[in-house]
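Shown next, in C-alpha cells, is the structure this report addresses.
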Amino acid sequence: MEAVIAIAIGVLFASGVWLILRPRTFQVIIGLLLISYAVNLFIFIMGRLNVNKPPLTLEKSVDAGLFADPVTQALVLTAIVIGFATTALYLVLLLTSRGLTGTDHVDGKEPRQ
Amino acid sequence: MKRWLPTPLISLTLLLLWLMLNQTLALAHVLLGAIIAVAVPLLIAPLRPTPVKVSRPLTVIRLTMYSLIEILRSCFNVCWLILLRSDRLNTQFIRIPLDLRDPHGLAVLACIINSTPGTVWVEIIPGSSDLALHVFDLHDADWWVNMIKTKLEQPLIEIFEQEKA
Amino acid sequence: MLLLILTLIPFIGCFLAALLPVNARNREAWLSAAIALVGLIIIGSLFPQINNGEVVRYQIDWMPEYGLNLVLRMDGLAWLFCMLIIGIFLLVVVYARYYMSPEDPVPRFFSFLLAFMGSMLGVVLSGNLIQLVMFWELTSLSSFLLIGYWHHRAEARRGARMAFTVTATGGLCLLAGVLMLGHIIGSYDLDVVLASGETLREHAWYVPTLILIALGALTKSAQFPFHFWLPHAMAAPTPVSAYLHSATMVKAGVFLLMRLWPVLSGTPEWTWIIGGAGVCTLMIGSFIAIFQHDLKGLLAYSTISHLGLITALLGIGTPLAMVAAIFHTLNHATFKASLFMAAGIIDHESGTRDMRQLRGLGKLMPYTSTLAIVASAAMAGVPFLNGFLSKEMFFAETLLVGSNSNWWMPLAAITMGIFSVVYSLRFIHVFFGEPATDLPKTPHEPPRWMRFPVEVLVVFCLVVGIIPGLSVGPLLHNSVQSVLGEQTPYYSLALWHGFNLPLLMSFIALGGGVLLYTILRSRFNLPQRTRAPVLYRFSGKEAYESTMLELRSAASRLEKLLGTRRLQPQLVLLVSVCLGAAVAAAVSVPQVWAALEPSTPHIPFSVLWLIGGACAVAAAWQAKYHRLAALALVGGTGLVVCLTFLWLSAPDLALTQLMVETVTTVLILLGLRWLPPRLLSIEQDRAEAVLTRTRRSRDFILAVAAGLAMAAISYLVLMLPAGAGIGGFFLERSLSEGGGSNVVNVLLVDFRGFDTMGEIAVLGIVALTVYGLLRRFRPAPESMARPPQQTNLIDPAAQQTPAEQAETGYMMVPGVYLRLLLPMILVVSLYFFMRGHNLPGGGFVAGLVFSVGIIIQYMLAGTLWVESRLHLQPHRWLALGLVVAVVTGLGAWAVGYPFLTSHTAHFTLPLLGELHMPSAFFFDLGVFCVVVGATMLILTALAHQSIRSHRLPLAATEAAGAAEKEEN
Amino acid sequence: MSNFLTLPMAEISPWLAIPMALLLVIGGIITFTGALGLLRLPNFYQRIHGPAVFITVGTGCFLIASMLYFSGTLERPVVHELLITAFVLLTAPVVSMMIMRAAVYRDLRKRQPDGQPGDAYQFPDEQ
Amino acid sequence: MSFWADQLILLPILLPLLFAAALVLLSGRQQQLKFAVNLIGTLALLVVALALFWLTDQEIWADGVGVYLAANWVAPFGIALVVDRLSALMLTLCAVIAVTALIFSYRRWSRAGVHFHSLFQFLLAGINGSFITGDLFNLFVFFEIMLAASYGLLLLGLQPNRVRASMQYVVINLVASSFFLIGVALIYAASGTLNMADLAVRAVSMSDSERLLLETGAAVLAIAFLTKSAMWPLGFWLPTTYSAAAPPVAAMLVLMTKVGIYAILRLWLLVFADQADSLNALSGAVLVTGGLLTLAFGTIGLLGSQELGRMAGFSAIISSGTLLAAIGYGQPKVISAALFYLVSSTLAVAAFMLLMELIERIRKPSATMLALTMEAFAIDDSPEESAGVVIPAAMAFIGLSFIACALIIAGLPPLSGFMAKFALFHALLNPTGLFTDNLYSAGPLAWGILALVILSGLSAIISLMRFGVRAFWAIPDAKPPRLQLTEALPVTLLLLLCIGISIGAGPTSRYMERTSAALHEPQLYIQRVLSAPAVPGVVSTAGVEP
Amino acid sequence: MIALMLTVALGFAQLCVMLALIFCAIRLLRGPTAQDRVLALDSLWMAAMLFILLLGIRFSNVIYFEAALVIALTGFVSSIALAKFLMRGEIIE
C-alpha cells in the first residue's frame, strides 16, 4: 500500500510538473490542479497510512494509537481550500490574459518565430 | 396555512429528510426539522415557479410497483444483451406521442423511463408533443408506444392532471 | 563648537539659497558672501590657537560602536585649506555675481556652490576617516551638480557624468581603503591613525590599502590615468572651474595624500605609485596643454600638470618635498583661479574662448590683460611671482632624489618646466597683435567688481612671489608642522637663494620654453593644429564613453544570458533547483535509504491508483488540444484522490475534496467558454522542431525526476515509524476540552482556528480579486460571439432564452428535478453544518453544498432569471462571514480569555432538555458564510460575462457567428 | 488477495445475512455487466445504456444490503440508505437525458448540411 | 503584563482583517469614505506596531518576547503568536510603508480597482501575520493571504503588461507555495510539530532518519523562501513584476521580498544555526553564494536596464542579495548591520517606487528616445546657449528626491544607505569589534561580499545617474509635472525617515545590535514560547454527547 | 459460517465494483467522443459511490455513508455541467 501511494504521488507530481512547464495557460492550470492533488496527498501521508481509523473520538478516554493523525488532515483541509481559491484566481487571470493579449501563451505573447 | 406552508408535500419531504439524515426521532430534532421544513421552502419560494398537485395515492402505489418490476425485468434483459448478444442489437430512436402535459408528470415519466435499463428519454420533440425515446434493443416499436401510453402515461395523467382523467 | 558652525553654515546657506526667488542674483550673492565672511572670521579667530601648534577638536558621538563619530579637527594644514576654500569662495561669489547671466536660475547655482564649499570644508576638517569619505563623496556629488548646471548642453551632461563616475568610483575605493586602515589600526580616528604609521606599514594589508587610498586620491586630483575627466568638467560655468577645478576640489586628492603622508609614505611602494603617477601626469598634462585651442582647455591640462607636480612632490616623500607640495598647492590655487576668471572674462566679453580667433585683447581690455599676463607668468614660473618659488623647490627636490639612480626625475621636471612656459606663452599670445574683428562680440573691460577677484589674486601672487617669508611664511609653517610634526625640516622662503642648480633649471626652463614656443609656432603651425601629437590616440574621454556604452550593452547581454523574462525557463529552474536541494539533503544520510524495506502489495489500492495515475497522465497528454477531455480526466484523478482519503480514514477530507471537485469543474467550464479553442498547431521548420523536441525531452526528464523524488521521499516517510507528535494531544482533548468528537473539525475551529480564519481570508481575497478582474474583463475577440451551438438553428433551443428553455424547452423536464433538489440540498447543507463538530462535515463542506445548490439553478434557468428572484449579494455574505468569525473569536475577550478561545453555553429548555451551544458553532457559521459568499461571487462573476457579451452590438455578434460557421 | 477483501464480517442474523449475500452477489454481477457494456458496446448510443443498469439496480441492491447489514449490527432499523436511493432516482435521469440530448445535437451539427430542424430522430440508426 | 497589553500582539492581524471586511461592506461609490477608513486602519496599525516596538525593546515582556496563545492552547499545540524585536521592527517597517503607499494611492490608484482598499488591508494582514506567527503552517496561511492580496493589487488597472507580469508572478508563487507545503509536511513528518520553537527543541535530538527528513524539508522550504526573496536564479520574476505594478503596490511588493528574508532569518537562526554541524556551515555557504550571485545578477541587471521600473526591480534584487549574503555569513554583528541595511534599503526602494510614477509623468517617451539616440551618437545639441533652464518647484522636488533615493540605493553618503553599507563592511572586517592588533582576518567570503556590494553600488551610481541625467536634464522642454501633496508627502516621509536613521545611526545601530543579539540567543525565545501559560480555568466545558 | 459467507459475497461485490471502476476509467481514457468521456466520468462517480458503500459495509462503519450521500446528491452536477457545455457551449447563460 505504501509503495502504491508513493508511486501515485510521484505520478501526479510528475504529470503536474510536466504540464506547468508547457507553454499554454490551460496546460498550466491543469498542471497546478495535479500538483495540488499530489501535494495534498503528500501532506496527508505524513500522518502515515491508517485504514478505518477516522479521528472521531466518540468516547472520552482516548488511545491515540487507534486514530489517524488529525493534524495532517486539518492541514490538508486548509490546503485544499487555498488550492481551490488559487485555481479560481489563476483561471480568471488566464482568461483575462487571453482577452487582453490575444494569446494563451504563458508569457502573454507568442514566442518569436 | 397556505401562506406558511405553500408546498406541504415538499415540507413533509424535508422533515423526513432531516430526520433520516440525523437518524433520530428525538423531540429536539423533530422541532428543528419542522422549522427547517417550513423555513426552507419559504426562502426559496421565488425559485419554484410551478405548483404541484398530486392525487390518487393508490394509483401512485400501483405505478410504483409496476415500474419496479419493469426496471428489474429490463435490467435482466439488458444484462443479458450486453453479455451475450452485444453484436446483434437493434438500437433505435422511436417517437411516442404523449398526451401528458404537466411538467411534474412528465418528469416522473422521465424518471421511470430513464431508470428502466434499456431506454433513454431524449426530449419532447420541439413543436410537437411527441417524446423521442432511445431504445437499446428494439423489436417492436408499437409495443413500446403501447406500454408507455397505457402503463405509464395513463396513471400519471390520473395523478397529475385530475381534470383530464 | 566654532568648527561645527563653520561646517554647518554653508549647508544652511545652501537651503536658504535654494528657497530664494529665481532672479535674486544680488540677494544670493550677498548671502553667500556673508557666509564666507562669517567663515573667515571664525577661521581668523582660530588662528592664534593654530599658530601655537594646537589642534582644535570637536566631537559628537554618532555610531561609537562602529568607530564612526563626527569629529571636526583643525590643525595647520586644515586651517590653510579652510582659508583657501573660503577665501577663494568669496572671490568666486563676487565674480559669479557678474558672470552669470540674468536668465540663469542662480539660486540653484549658489545653493550647489555653498553645498560644495561645506563638503570641502568637511573633507579638510574631518577628524574621522569615514566621515572624510562621506564629505569626499559629497564634493563629488555637488561638483556633479555644478558641472551639469547648464544641463541643456550635452557636453555639460557628459562632463558631469564623467567627473562623477570617476571621482565617485575613486571614493568607493577610498572607502574600502579606509575600512582596511581601520581594521589594521583599530580606529578610524585621524589622531589615532596618524600615530600608527608603523603598524600600518608593517601590516600585510599595507599595499592593498595604499593602492585603494591612492585610487581615491588620484581620481579626485585628476592624476594619470584618471586625468581625462577634468578637461570635460570645463563645461561647467567658469566660476565653477575657477573654484572647483583649479583651487579646491581637485586639491582634495593631494590634501588626502598630505593628510595621510605620515602614515602611508616612506616606502618604495608609496614612491612608485604616487611619484610615478605624479610624474606621468605632469608630463602628459603639460604636453597636451600646449596643443589646446580652448582657453579653459589649456588651463585644465595645465591644472592637471600642476597637480601632477604636487603629487610627484608628495611621492618623493622627503619632508622638504612636502613643504614644496603645500606651498605649490597654495600658489597654484591663486594663479590658476585668477587665470580661470580671466579666461571667463574673455569668454564673457568676446563670446569665444578659442585662441585661434582671439587676438590683440591687450588693446581692447588692457587692464584685464595685464592681470592675466601676470598670472600666466606665475604659472610659467617667472621670478618675482609665487609660481617661481614653489617650482624652484620642486626642481631642488627632483635633483635631490635624482642624484642617485633616478636621473630621469630632474629631466622630467625640466621638460615640464619648458612645456609650462610654452603653454603660458600660448595663453599670453591672445593679448598681443592686432585685435580680431571676427569675434562674436566686441570685447570691453568687464564691470569693476568682476575684475576685482582677479586683482586680489594677482596681488597675492606678487606679494607671495616677492616677500614669501612675511606673507605666507607662518601659514606654511603651521601646515608643515601639522603634517610633519617633529620631522619638520629647515627651509627658507626667499626669492633669492643664490646661484644654484634649481635656479639654473628655472632659467633653462624659461629660455627653453620661449625657444620651443617659437619653433612650434613657426615650424609646426601650432595655432592650427587640432590635436596633441601622439597622445591624441589615448583619448580618455573616448575610452570612458566606449567603456560606458560597452558596459551597458554587455550588462544587458549578460542579463539576458543569466536571466530570463519568460516563465517556462524560470519554472524549469525553480523545479530543478528545488529538486537539487531536496536530493542533496536527502542523500546526505545514505544509511537511512539502505535500511528501507519493500512494502506489502495491495491489489485493490493499486487498481484504484492505476485509474488515478492513468487519468493524470492522460490529462497531461490531452491538455493542449482537448481541454474538455483533460478536464474530465482530471476529474477522474480527483475522484480517486477522494476515495483514497476516505479509505485512509479522512472522511472530512473526502467530503471536502468531492465538493471542491464539483465546484472546480463548474468553474473551469465557465472559464472554458472564454477560451477559444486551439485548432491548429503552429507550423514549425525543422530546426524549431528539433528545438521543441529537445525542450520537451528536457521537461520530460525533469518531470520524471521530480516525480521520482516525490515518490521516493513519500515512500521513505511511510516506511519510517511515526514519532510522538502533537496529534495525540488533540485526540485526547478534542471531546473533553474542545467539546467535539470530530477531531479534525475541532482542530479547524478551535485548536488551530487561527489557520481557518486565514484560510477564509484567502478565499475572500481571491473572490474579490476575481470580481475586480472580471468587472473589467474583455474576452478574447474570437470568443466574444455566442457559441456555435447557440447560433446553429438545427437545435430548436438555439434561439431560446435560458428561462424559456427551462419553462417549456428541453430543460423543462430536468428542471423539475433540479428545482426539487434545491430545498433538499439546502437541508443537507444545514445537516453537514450542524453536525460538523462531532461527525464529518462542517462549515466548509456545508458552504460548498449550499453554493452548488444555487449554482444548479443558474445552470438551469440562466443568470437573469435567478437573479431577478434571488438577491444573494455574495459580497455581503463574504464580509459578514469574516466579521462573524472574527467577532466570535473576540468574544472570548469578554470573559478574559485570548482570541478564539472556545466557550460552550449550556441551556436547559423545557421538553428539549439540555442544549449545548459552543462558540465554535458561530465561528463555523462565519466560515460557512465566507465560503458561500466567495464561491458564489466567483461563479456568478464568471457567469455574468455571458450576459455582458450578449449586450454587444448584435451585428458584430452575428458576423462573428457567421465566421464561426464557416470555420466549422 | 489482501486484507481489504478478507476482513472478516460481523455475525448477523441469517434472516438478514442470506438476502444480503444474495443482493451483494447480484449487485456485483449487475455492476460488472453494466460497466462492461460501457466498455464494450460499439457506439455511444448503445454505451449509454450500460451504466444505467448499475446506477439503478446495482445501487439498489447494494443499498438494501447495506441497510440489512447495519440494521443487523447496530440492532436497530437503519433506513437512511433510502436517501441515497432517492437522490440517485432524482439525479441520474437528468444526467442521462442531458448527455443523450447533447450527443444527438452534436452529431446533428456535425452532419449539418443534410440536417433539417426537427429531423433529429428520423434517421434509423446512429453508427 | 496585563491581559490587554497581550492583546496588542493580535491586533496587527485582526485590525486589517476587520477593516478589510468593513471596506467590502462599504458601497462602491464612497471613495472618500473608503479611503478615510482605510487610512484610519493603517494609522491604527502604525500605532500598534510602535507600541509593540516599544514593548519588546524595553523588555516590558521578559526578554523582549511577547507570546500570544491563540484560542488559549499552549504551545506547541495551539498556534502561538510571537513578537520579538525583529518582528516588531518588521511590523513597524510594514506599517510605515503602508501608510505612505496608501497616501500616495489617494489621487489615482485607490480608485483604479473595485476592492483596492480591502485588498490593501488584507495584504497588511498577510504580511503582519507572517511576521508574528510562531507556527510553520500558520506562516504558510499568512503567506497565502499576502500573496492572494498581492495578486489582486498587482492586477489593479488592468493593462496587458500588468497581466503578463501577473501570469509569471502568480504561477511562480503558486509553485513556490506547493514547495512550501511539501517542506512543512516533511518537517512535520520529521519532528511531529509545527511550532517553530518546539521544532528547534526537537531538532536537537533526532534520529538519522528524522534528521534526513528535517533537512530535506528545510531545503525545500528554503527554496520557497528564496524564491520569494528573489535569489538568483529564482528571482527573474521580480523586475518584471515590479516594473509592471502600480507604484503604491510596487512599494508594498518591496516589503514582500523582505518577508522571505525574514522567514529565512527567523527559521535559520532559530532552528538550524544552533547546531554546530556541517549542515549549518553548508547552508550558510549556500546562502552566501546565492546572495553573491544574486548581488552580481542585480548589479549586471541594473547596469544593463534602461527602464526605471526594471532598475527599481534590480535595486530590490541587489538589496535581497546583500541581505542573503550577510545572513549566510552569519556573525551577529554582520546580521545587525544587515538589519540596518534592510530597513534603509526597503524605505529607499519603496520611495523610489512611488517616485517612479512622478518621474514617468515628466518623461515624454519621444523626448526620452531622442535623448537616447543623441547620447548613442554623441550628437551635441544647442551647444552655445549660455542661459540655464528654470526648474519649477515640483521638478526640483522630484529631482532632489530622485537624488536622495539614488544615493541611498547606491550607498553613497550622507544618507542611510551609506551608513548601512559602512556598518556592514565594518562588521565583515571586524566581526568582533574594532581594536588594535586585530588578528581576525576576513576570509574570501567577506571580501567577496564587500567587493560585490561596492560594485553593486557603483553600478547603481552609473545606471541611476545615466537615467537621472536623461530624465531630468536631457529633455529640453520638460513640462512641469502636476504634483499633489498626497504624492509628495509619502515620498518625503520615507526619505525623511532615511535621513532620520542616518542622523540617529547610533541609536539605530544599537537597536539592530540588540535585535541581532536576541536572534542569536534562540534559547530565550524558545523558552518564552514554550513556557507561555494559558489563561487558567475551564472555558469549554465537556458534556456534549455526540 | 455466516460471517464467511458474507465476507465472500462482499469480496465478490467489491471485485465487481473494482472491475466496473476500471471499465469506466478505460472508457474515460479512450473516449473517443466528448460525450463518451462525460458518460464515463459520470459512471465513474456512480461506481465510486458503490465502492464507498461497500467500503462502509466492509469496515462496519457508518461514516462512509455521508460520502456516498454527497456523491448521490451532487455528483451529477459536474456531469450535467459538462453535458450542458457540449450542448450549449456555455453552462450558465
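Going in written order, the chains are labelled A, B, C, D, E and F, and every chain counts its residues from 1.
In this text, a residue touches a chain if its C-beta (ideal position, glycine included) is under 8 Å from a C-beta of that chain, and two chains touch if they have at least 3 such contacts.
All values derive from a computational prediction rather than experimental measurement.
Chains making contact with chain E as well as with chain F: A, C. Minimum number of contact steps separating chain A from chain B: 2. On a Cα centroid basis, the chain most remote from chain D in this structure is C. Two chain pairs, C-F and C-E, are compared here, and C-E has more C-beta pairs in contact (counted per touch definition above).
Of all chains, the one whose Cα centroid sits at the greatest distance from that of chain E is B. Taking the mean of all protein C-alpha atoms as the reference point, the chain centroid lying nearest to it belongs to E. With centres set at the average Cα position, the gap from chain B to chain F is 23 Å.
Chain centres here are Cα means. That of chain A falls 39 Å from that of chain C.
If each chain is reduced to the centroid of its CA atoms, chain A and chain E end up 29 Å from each other. With centres defined as mean CA coordinates, chain D is found 68 Å away from chain C.
Annotation for chain D: residues touching 2 or more other chains are 1, 4-5, 29, 34, 36, 48, 50, 78, 80, 83, 87, 90-94, 97-98, 101, 105, 118, 120.
Shown for chain C are the residues in touch with two or more other chains, namely 565, 567, 571, 575, 600-602, 604-605, 631, 647, 651, 710, 717, 722, 725-727, 730, 735-736, 741, 752, 755, 759, 762, 765-766, 769, 773, 788-789, 795-797, 810, 813-814, 817, 820-821, 824, 828, 838-840, 942. The residues of chain A that reach two or more other chains are 20, 42, 46, 51-52, 54, 56, 58, 60, 71, 78, 82, 85-86, 89, 93-94, 96, 100, 106-107, listed in rising order. Those residues of chain F that touch chain A in the shared complex are 59, 61, 63.
Across the complex, chain D is touched by residues 17, 20-21, 23, 71-72, 75, 78-79, 82-83, 86, 89, 91-93, 95, 110-111, 113-118, 120-123, 125-127, 132, 134, 136 of chain B.
On the chain E side of its complex with chain A, the touching residues are 137, 141, 144, 148, 151, 155, 158-160, 163-164, 166-168, 170-171, 174-175, 177-178, 181-182, 184-186, 188-189, 194, 542, 546. In the complex of the two chains, the chain C residues touching chain D come out as 600-605, 788-789, 792-796, 810, 813-814, 817-818, 820-821, 824, 968. For chain C in complex with chain F, the touching residues are 604, 607-608, 610-611, 614-615, 618, 628-629, 631-633, 635-636, 639, 642-643, 646-647, 651, 654-655, 658-659, 661-662, 665-666, 669-670, 672-673, 786-790, 795, 797, 801-802, 814, 821, 824-825, 828, 832, 839-841, 845, 849, 852, 855-856, 858-859, 862-863, 939, 942-943, 946-947.
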